[in-house]
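Written out below as structure tokens is the structure these notes cover.
Lettered A, B and C in written order, each chain numbered from 1.
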Amino acid sequence: MSDGFIRNQWYVAANADEVGDKPFGRVLCGEPVVLYRKRDGAVVALLDRCPHRKLPLSLGAVRGDEIRCGYHGVTLNAEGVCTAIPSQSGPVPKGFGVRAFPVVERHKLIFVWIGEPVRADERLIPDWSINDKPGWTTVFGYQHVAANHLLILDNLLDLTHLPFVHGAVLGGDGYAENALEVEIESDAVRLRRPMPDVAQSPLIVLTRKFAGQGNVDRAQTSSFKAPGYVFIGLWVGPLGKPDELAILYAVVNSVTPESERSSHYFWSVARSAALDDARVSAEFHRLTVAAFDQDRIVLEAQQRAIDRDASGAPLVNFRDDRAGVAARRIIARLLAEQEKMPRVA
Amino acid sequence: MSDGFIRNQWYVAANADEVGDKPFGRVLCGEPVVLYRKRDGAVVALLDRCPHRKLPLSLGAVRGDEIRCGYHGVTLNAEGVCTAIPSQSGPVPKGFGVRAFPVVERHKLIFVWIGEPVRADERLIPDWSINDKPGWTTVFGYQHVAANHLLILDNLLDLTHLPFVHGAVLGGDGYAENALEVEIESDAVRLRRPMPDVAQSPLIVLTRKFAGQGNVDRAQTSSFKAPGYVFIGLWVGPLGKPDELAILYAVVNSVTPESERSSHYFWSVARSAALDDARVSAEFHRLTVAAFDQDRIVLEAQQRAIDRDASGAPLVNFRDDRAGVAARRIIARLLAEQEKMPRVA
Amino acid sequence: MSDGFIRNQWYVAANADEVGDKPFGRVLCGEPVVLYRKRDGAVVALLDRCPHRKLPLSLGAVRGDEIRCGYHGVTLNAEGVCTAIPSQSGPVPKGFGVRAFPVVERHKLIFVWIGEPVRADERLIPDWSINDKPGWTTVFGYQHVAANHLLILDNLLDLTHLPFVHGAVLGGDGYAENALEVEIESDAVRLRRPMPDVAQSPLIVLTRKFAGQGNVDRAQTSSFKAPGYVFIGLWVGPLGKPDELAILYAVVNSVTPESERSSHYFWSVARSAALDDARVSAEFHRLTVAAFDQDRIVLEAQQRAIDRDASGAPLVNFRDDRAGVAARRIIARLLAEQEKMPRVA
């Protein structure tokens, strides 16, 4: 049975600050999930559907470490076990409750494992440590996109769209002119595009790190990790000094399917300059939202065009799509492996 | 042929004051129906689809005792018989027209019979006489709910949801703590929940009937009658005087399917105290609307959750759902009987 | 293969002033089409779907005589041939590009041929020359209608709806009282309704041509030409002088299917009096929009009623529907012929 999603993987369910002592509902790979924090701050993830009459538990209330349904007061603990049924006296029937999902809070993100709990392996969580690393200042965001997650991954893995989609906001110098190097591994894809002697983009200018220097040497590296993680490093250094090329800022992208035609897109931008400068943080946030809004318009129009195309012709791939093509192959292989996996849960 | 609705029954189509000398359209059990009043005030119910080019007649105009289509002026009398075709000279073809539905105005409601006209039996109309009985003051309302009618009946027949859904508006003391007595008959279900020595709810306080008395003795009775009628009596009396327990106010509920996923919900609240007090009437109306809006949010979320649940697992029933379960069994039995009924119309 | 649309015909895609040096997208018979003007003003019509990742080209930009996709900069010339792929070095692969549609600008309208290009014959374009003929002043409009194109043609070919739908705006005297003459040819339908001795309608009054004359002699002629063209002539003359009866104003209607349930409706109203009077032009425009808004309400309600009618009963035709019935027969015959046509493109 497949719904087109790799289930035995960690997916980002929320930015850490989205979850508190009120229930928070989000659909991940077609599964409704409710998240909340216990009194000690630990995050709980349960199926967001009361086992009684199916009302989403996210419409209920957190009571201590438990969640209470907003319809008839059915109460479930952090393991999803029902502890109280107000409209029925006597003990709660054994086994009555909902699925609890493995959940880990790390790097200011909430990761949830939708698949078989015994396979949940924390080592599979991506290393997004740049999100809370000393020496970096990070801004966070979330966007709902009415498009399939693979279209978002294509977008993130072919940055030749920068001058055409984001020219006005992010600047796009150096992308179309310089060749992309792609390295494909079994479960990961790595990209690198050196961009020597190009103008400073608006975000570089904002950091003031290279103020007064005119053109700089730049490079952009990306790496994809299944099921939906893309790290983009923006390297900048003074002209002609390759040893000084370093990541000025990085964009951390986590894409989680909601349905076949909609996705959750979590991003953060971590910078190594102009630390703790609130005005620079605000501008990084504003410009990133503006750029991702431009992407969203493209992605949603693309999804509608694909849905409308009765010919069902496949997408055409250019040379610089090879990273996206490789990512799609990895996802397809993991999906096929999942189909053959014995059920252990 | 079944669309899941019991057709040989009376359904409320409108509150009496919704229908006047302008055509009024509403879809009942999937059938578009247009209602209007003749010059003598009698209500007419016709299929809301011009027999010519299918425009809803409710977009037309009432002319005397007849209705005229708003497209080409096709005119139909109160029996649905076409009396004029402006775009064609000569006599109107015999038998040209639309279905007329049996319709009865009673207790300030318009009841329509969607099924076979010869089976329409006025004795099947529920006794909603409290709506216009001397000694009672009644407020009326209507709500569209994007949920199946059975979910609304479940809601009305298990009032243990009061403290959880309506606590802030109606007060919920006494519901979870006291056992519900249920009596099941062949075509009806009767419930009773004694609630001795509890606080006065906001509606009781409003009537001022027990002003200054603190806690009171209360009881709540409900009765269900197919296909979608629920009478709820709220009994209140001074502490420890069971002989003085009487209905302070009653909620009269009529649920009519619109489609499989949407319903019409007609309600009235009749009270036996603070009669003709316009401020109390306004507050009874405002609080009832507020409470039913709370229900609507729950019911529509429940419907969406059921639609999304690919497992299709059945709803789970608790002990206090037994009245709703019995009502669903009566409806299922009547539906099965309808399938076997010979067609007489 | 048929989608219910006659493809080997010219359809109006836009009013001439809708298309300029920005890409303009519209779906015609289910095909997404992008229109733009080259530097010399000539109109280009291409499939509105980038051959790379399917983004609508209408979200891109015109560059000289070419169009550039707004995602990765794929550039296509006016023949739909790809001329540049920024994200891939080396020559563009032969044959890479999109369909170009035959397109003709005539009579202030843009006509597009969706079918096989070799069959595109300009002689099939309707003679809408009244739109830009000396001695006439014309106002133009466009409306999107969420209804099948055949319902719009029915509407245009049975003007007995005038008094019922448009009485307040256009006046409807003379329509129901006078018989319609219908002449049916192989590919065309012609109608004539003499209306002697009737009141001046609001549009006649506006021209002031018969000011102070009271009743006039009128006639209305219509002619239908496949696939979706209807010319309506409004003839007016002084009472009892048949030789002076002449077209005072004409309504030129072009209906283009968008989908099975939605259509594009292009109209112009050309008048032979009060020429170049801006106030009269503004009023002709305002009243025509008002009347077509009344039609749109009817047409969209009719489409919804047809979709909801589970019986699927056919529409009923009256005597004055015979022009519409004949038009539907012509369209059905052309569709059947198209099915048998050998593919030449």
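In this text, a contact is a pair of C-beta atoms (placed from the backbone, for glycine too) under 8 Å apart; a residue touches a chain by one contact, two chains touch by 3 or more.
What you are looking at is a predicted structure, and each value in this text was computed from that prediction instead of being measured.
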item	value
Copies subunit A and subunit B touch via same or different residues, half shared test	different
Equivalent-chain rotation between subunit C and subunit A, CA atoms, steps of 5 degrees	120
Interchain centroid distance [CA atoms averaged], subunit A/subunit B, Å	47
Multi-chain contact residues (two or more partners), subunit A	none
Residue ranges of subunit C touching subunit A (in the complex, touch as defined)	27, 30, 32, 49, 51-56, 59, 68-73, 85-89, 96
In the complex with subunit C, residue positions of subunit A that touch it	154, 158, 160-161, 163-165, 176, 179, 297-298, 301-302, 305-306, 308-310, 315-316, 318-321
